[in-house]
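Take a look at the structure below.
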Amino acid sequence: MSLDFGLIIEQMPDILSGLWVTLWIWVVASILGAALGFLVAAARRYGPAPLDWLLKLYVEILRGNPFLIQLFLLYFGGPFIGLRLEPIPAGLIGLTIYASAYFSEIFRAGFQAVPRGHVEAAQCVGLSRSQILRRILLPEMTMLVLPQCVNMAIILIKETAILSIITVPEMTMVIGAIGSQQYAFVDAMFLLAIFYWVLVEICDWLGRRAEAKLSKFRFAVT
Amino acid sequence: MSSTAPTRTPHANSPEPHAATAPAVAVKGVGKTFGATEVLKGIDLTVPAGATTCLIGPSGSGKSTLLRCIAFLEEATKGTITIKGDPLGFAEAANGQRTRLSPQNIRSVRSRIGMVFQQFNLWPHMTALGNVCEALVTVRKMKRKEAEERGMAQLSRVGLEHRATHYPSELSGGQQQRVAIARALALDPEILLFDEPTASLDPELTGEVLNVMRDLAGSGMTLLVVTHEIGFAATVGESIAFLDHGRLLLNGTPREVFGEPRHPRLAQFLETYLDRGAATLL
Amino acid sequence: EDTLAKVKSTGVLKVGTETAFAPFDFIDTSGEHVGLNVDMFDEIGKELGVKIEWVTLPWDGVFPALEAGKFDIVAGPATITKARVERYRFTVPIAEATVALLKQAGDDSIEKPEDIAGKLVGSGKATAQLAQLQEFGKTLKGGVETREYVSFNEAYADLAAGRIVAVANSLPNIAYVAQQQPDTFAVVKPAFGEPSYFGFIGTKKPEDASLIDAVDAAILKMKKDGRMEKLQEKWFGTTFDTPDTVPEPKV
Amino acid sequence: MSFKLFELMLWAAGYTVVLSAISIVIGLTIGLCVCAAKLARSRALSIPATVFISFFRGVPLLVQLLLIYNLLPAIGISVPSVVAAVIGLSLCTAAYQAENLRGGFNSVPKGLLEAADMVGLSPWQQLKRIRAPIALRLTLPALVNEAILILKASSLISVVGVIELTRMAQNLSASTYRPLLFYSVAGGLYLVICWTVAGGGALAERLTRTSRA
Amino acid sequence: MSSTAPTRTPHANSPEPHAATAPAVAVKGVGKTFGATEVLKGIDLTVPAGATTCLIGPSGSGKSTLLRCIAFLEEATKGTITIKGDPLGFAEAANGQRTRLSPQNIRSVRSRIGMVFQQFNLWPHMTALGNVCEALVTVRKMKRKEAEERGMAQLSRVGLEHRATHYPSELSGGQQQRVAIARALALDPEILLFDEPTASLDPELTGEVLNVMRDLAGSGMTLLVVTHEIGFAATVGESIAFLDHGRLLLNGTPREVFGEPRHPRLAQFLETYLDRGAATLL
């Protein structure tokens, strides 16, 4: 088994386009998923109790199922309830919803980790609820949950591989197809492993750097 | 409230209190229960304006709870609290029915109260100056520059202008508490509440905070201080309130409260707090 | 070591396949692995005097596993194509594999293969059928847009959901699908692709040659004595004329 | 869906649970070793441990499985499907569990070990009697979480030819042309399994709560 | 106190110390540096057997470090420490060369020392009795039953036999600290070290722990106590050591150390600790 670089270079445009699809779907779904997750966590914390139960069910259903199954049901089952999505929007929406469940749990723990006194101090100087959420809770929590968020982003980049089942031409799909066409299966898998590994390491490194940068904002007293 | 003032001859000892001068805080029949436990059992307390009132009492007696009710961080389950005559949180109709006031009203009355916590509660993602200016900018809608000038003035009032750009994690406990005081001062509160402001500090750092508080007391600010620093209470407090098991047992000048003959509960309490063995060294 | 000798001495022939490829290989409603392949290999096993051991993988994994030596032969079957013939050794054909289109039942806009011009048609990723569909598309005005699926089953589901107008796959497969789901699917006749055939697949390793030869002999024997015809009738409802040697692939 | 088919789905769900459970146990064992290596002072141990963790966290399980299944034979090790699947799941979860355990070990307060030092417990006794029990308790929630992740990740092991719950759903939908039904049933079964594990974890946590600081 | 009175002015001033009675701990020229900072700068200290020695000093002066060196939780970078004459951790040759002793030797010498920490450090997964018995079973290889009997005896010594089956999380801070003392006592140590045993406790809970320590002191046990409870030190300590900036500034009887005229550093230190304002209330 040896990597045939000639073949790879020949297919480079395809590979790059697959890489690009993987990257942008990952980034957009992570950001949207985190935002939606934040809303879910906030709604569960501040909304009425029935909303909390409903959202808990939402979160637990999404977390209790493989992404593969959810994506399949969304893409192939959606049309039966009038939700006709093209592959890329379906993949993006599926991944975002899936991510939102996990992010909401991260943020929920984050809310709890911000000392109550910090919120009370803000109440005492007259900040409104939304100002407290925006100016105090959100930034403080972000620092606290950053490591978990990076971890989640890493999990998500690997989940993007599953989008191939709904024909999204992302990296696994493209490189896998090249592997099949050229009968270079193992080579293709190797290439994929390296691509993902590098992406994950970069993400991890960025996360660690951000954490180090933010460390001075950490609590002096706990 | 003026009814209680003469009997306790509290703060100013002034023979003729101005009719216009409502007490800074008037607490009437305040009760608070958490679930089944009754933590405050009908407290009546008048905090005179322009003076320092110290709230002392054993652990668990309800001091923090009372202070938090006055800051409206907890909602009293019974009774009313007024700030300079304005009702806080609830309006009481003639028939005793309480109705909740609007969030705006609550925020506006509360903004006349400043609070300093035992745990400082500085926001870790803002510098010292950022902590002090935050409410000026977001609540008072001041220009950032103007807010910062004002913030610096407050920081120098607590002797920390040279630490303005430091983050809380880069400050000692005493410095953090002083920033917290500056933050509370920045909004020009009519009354400043302190909940054991030195309890989380090393003995060495306690002094700097108590000194800032002494200065404030001297400047005619209204202070209500929950403290275990009996020495501070005895020397700086112009009015002392002693709480025990959710009841206000004693309230008066230090001389009235601490003087002999002492209330047996107070005597017992002082016993615990004052290191009698060490007294032989004084 | 000669593979045929090994198979005979262990008494087991390992066959790799995918079980989501009706009517060749699938799981029936009682949960049994059934299909043309199962019946054929039962017979082949009898001819060789060995037991059959099935290894089932998703189609994506079948060829890598064959190359990794996980089994001796692939049932599949696979369309005999130029590229594959260069890489693998096919058995003699067992069925026709000419590509045709499956459409939604009652879709009047597609009466003949040419009607897919300018429309979106699905097929399997990296399959011979996809290649033929793309070739065919080039001959049409306005071309044809293709969408590639990890397996044909997702393509059928998408056709049912209406995201694509047709699925290009080998005639035996889609005929079976249409027969099973007459309310949902229909076959567009005639087949549009170059005539092509299905065969089982082995490697080109010299030690495997004797095994494939033996399988070839067994298949030819089945053709001669009519067992093959019976099986085709059973699983396709029709029979195919297939050559007795591996034909020169046109695509 | 006939009862027979539902039974098949249940059987596949059981298979999913068994393979996941085996993988989690093996993964925990490997994870402990990797964690120990990573915490070791010797760089000869800690660097390989770091690379191990990084690789198995960084590469999608699907790719890992295919590499294990198709690459090991190239170096002369032929592994049956089930073994490949268990190896893949175990190694993957081992990397995560090693990190969880490291977190657990590092959060055992140093003072507790100094107290053990003072009453004369040897390093090994400290590990056995103090450090490991406390670290494992601290790791318990993460462990339950990891178990659920692996249960779900096991939906990928069909790529090496193991017919677990997801693959069974795929197979049955291919032959019955009712994909939505079978995927929904699979989803429901995963939910039941995951919620049961989560509930069990919560119970275990409650039972050990009195003994946690 | 009367019981301990005669042994005041104990060893040092006694004209004829028993030759056999080596001091419980002898610290000779001990220095300790962390990286570049020199925390202990050559300490010489003798802890007399059967008496209570209190180590006081400002925060950061090195009290904990010295105590931890004596417990061999830190290794002194210079000097020697002996326990009843036996070298701890290092043997010093005639030429001053230090060689590390075997782990077995270290464990055996250390097992003669008990230590009680500020943070209690009870093992959270074991009951009170489990904490006390652990070392008896795993180190001393006692039968479980015998160990439990002995553990119960120690628990009742600190007044907690009725809490034996409780986990630390179910005990108050004061109770936890008393269990920690029982744990240390169970091994029959020749000397018991305390590092600010009441510093993490509420004032109300401090008393119960100090009472247990008073009992121990009265029973003739050797105690070495780092404390901020100056009152305890002054009344229970038979010997007082005052540390400042890593140096032993003063060492002697309470009368010698606290009596007038006071060392200026000690006077300054006492100023910080004793609540002078409160003194007016005494």
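By letter and in written order, the chains are A, B, C, D and E; residue numbering begins at 1 in each of them.
In this text, a residue touches a chain if its C-beta (ideal position, glycine included) is under 8 Å from a C-beta of that chain, and two chains touch if they have at least 3 such contacts.
For clarity, every value in this text was computed on a predicted model and none was experimentally measured.
Hey, what chains does chain B share as contacts with chain E?
Expected: no chain.
Enter the minimum step count from chain A to chain C; a value of 1 means the two chains touch.
Tracing touching chains, the least step count from chain A to chain C comes to 1.
Computing the C-alpha centre of each chain, which chain sits at the greatest distance from chain A?
Result for max centroid distance from chain A is chain E.
Using only Cα atoms to place each chain's centre, name the chain farthest from chain B.
Between chain B and the rest, the longest centre separation is with C.
Calculate how many whole Å lie between the centre of chain C and the centre of chain E, each centre taken as the average of the chain's C-alpha atoms.
Computed value for the inter-centroid distance: 84 Å.
Can you give the whole-Å distance between the Cα centres of chain B and chain D?
53
Which whole number of Å gives the spacing of the CA centres of chain A and chain B?
Taking the mean C-alpha position of each chain, the two centres sit 46 Å apart.
Would you mind listing the residues of chain D that make contact with two or more other chains?
Expected reply: 66, 70-71, 74, 179.
Would you please write down the residue numbers of chain B that are in contact with two or more other chains?
Within chain B, no residue contacts more than one other chain.
Of all residues in chain C, which are in touch with two or more distinct other chains?
Within chain C, the residues that touch at least two other chains are 60, 64, 67, 157.
Name the touching chain pairs, please: which are they?
A-B, A-C, A-D, B-E, C-D, D-E
Which residues of chain D touch chain E in their complex?
Contact set of chain D toward chain E: 109, 111-112, 114-122, 125, 129-130, 133-134, 137, 208-213.
Under the stated contact criterion, what part of chain C meets chain D in this complex?
My answer: residues 19-22, 26-31, 55-58, 60-61, 64-65, 67-70, 151, 153, 156-157, 177, 180-181, 184.
Mind pulling up the chain A residues that touch chain B in the complex?
For chain A paired with chain B, touching residues are 115, 117-118, 120-129, 131, 135-136, 139-140, 143, 216-221.
Which stretch or stretches of chain A touch chain C in the complex?
By the definition above, chain A touches chain C via 76, 78-80, 84, 86-87, 164-167, 169, 173, 176-177, 180-181, 183, 185-186.
Given the complex with chain D, which residues does chain E contribute to the contact?
Chain E residues touching chain D: 71, 73, 103, 107, 110-111, 113-115, 117, 119, 121-126, 134-135, 138-139, 167-170, 180, 183-184, 187.
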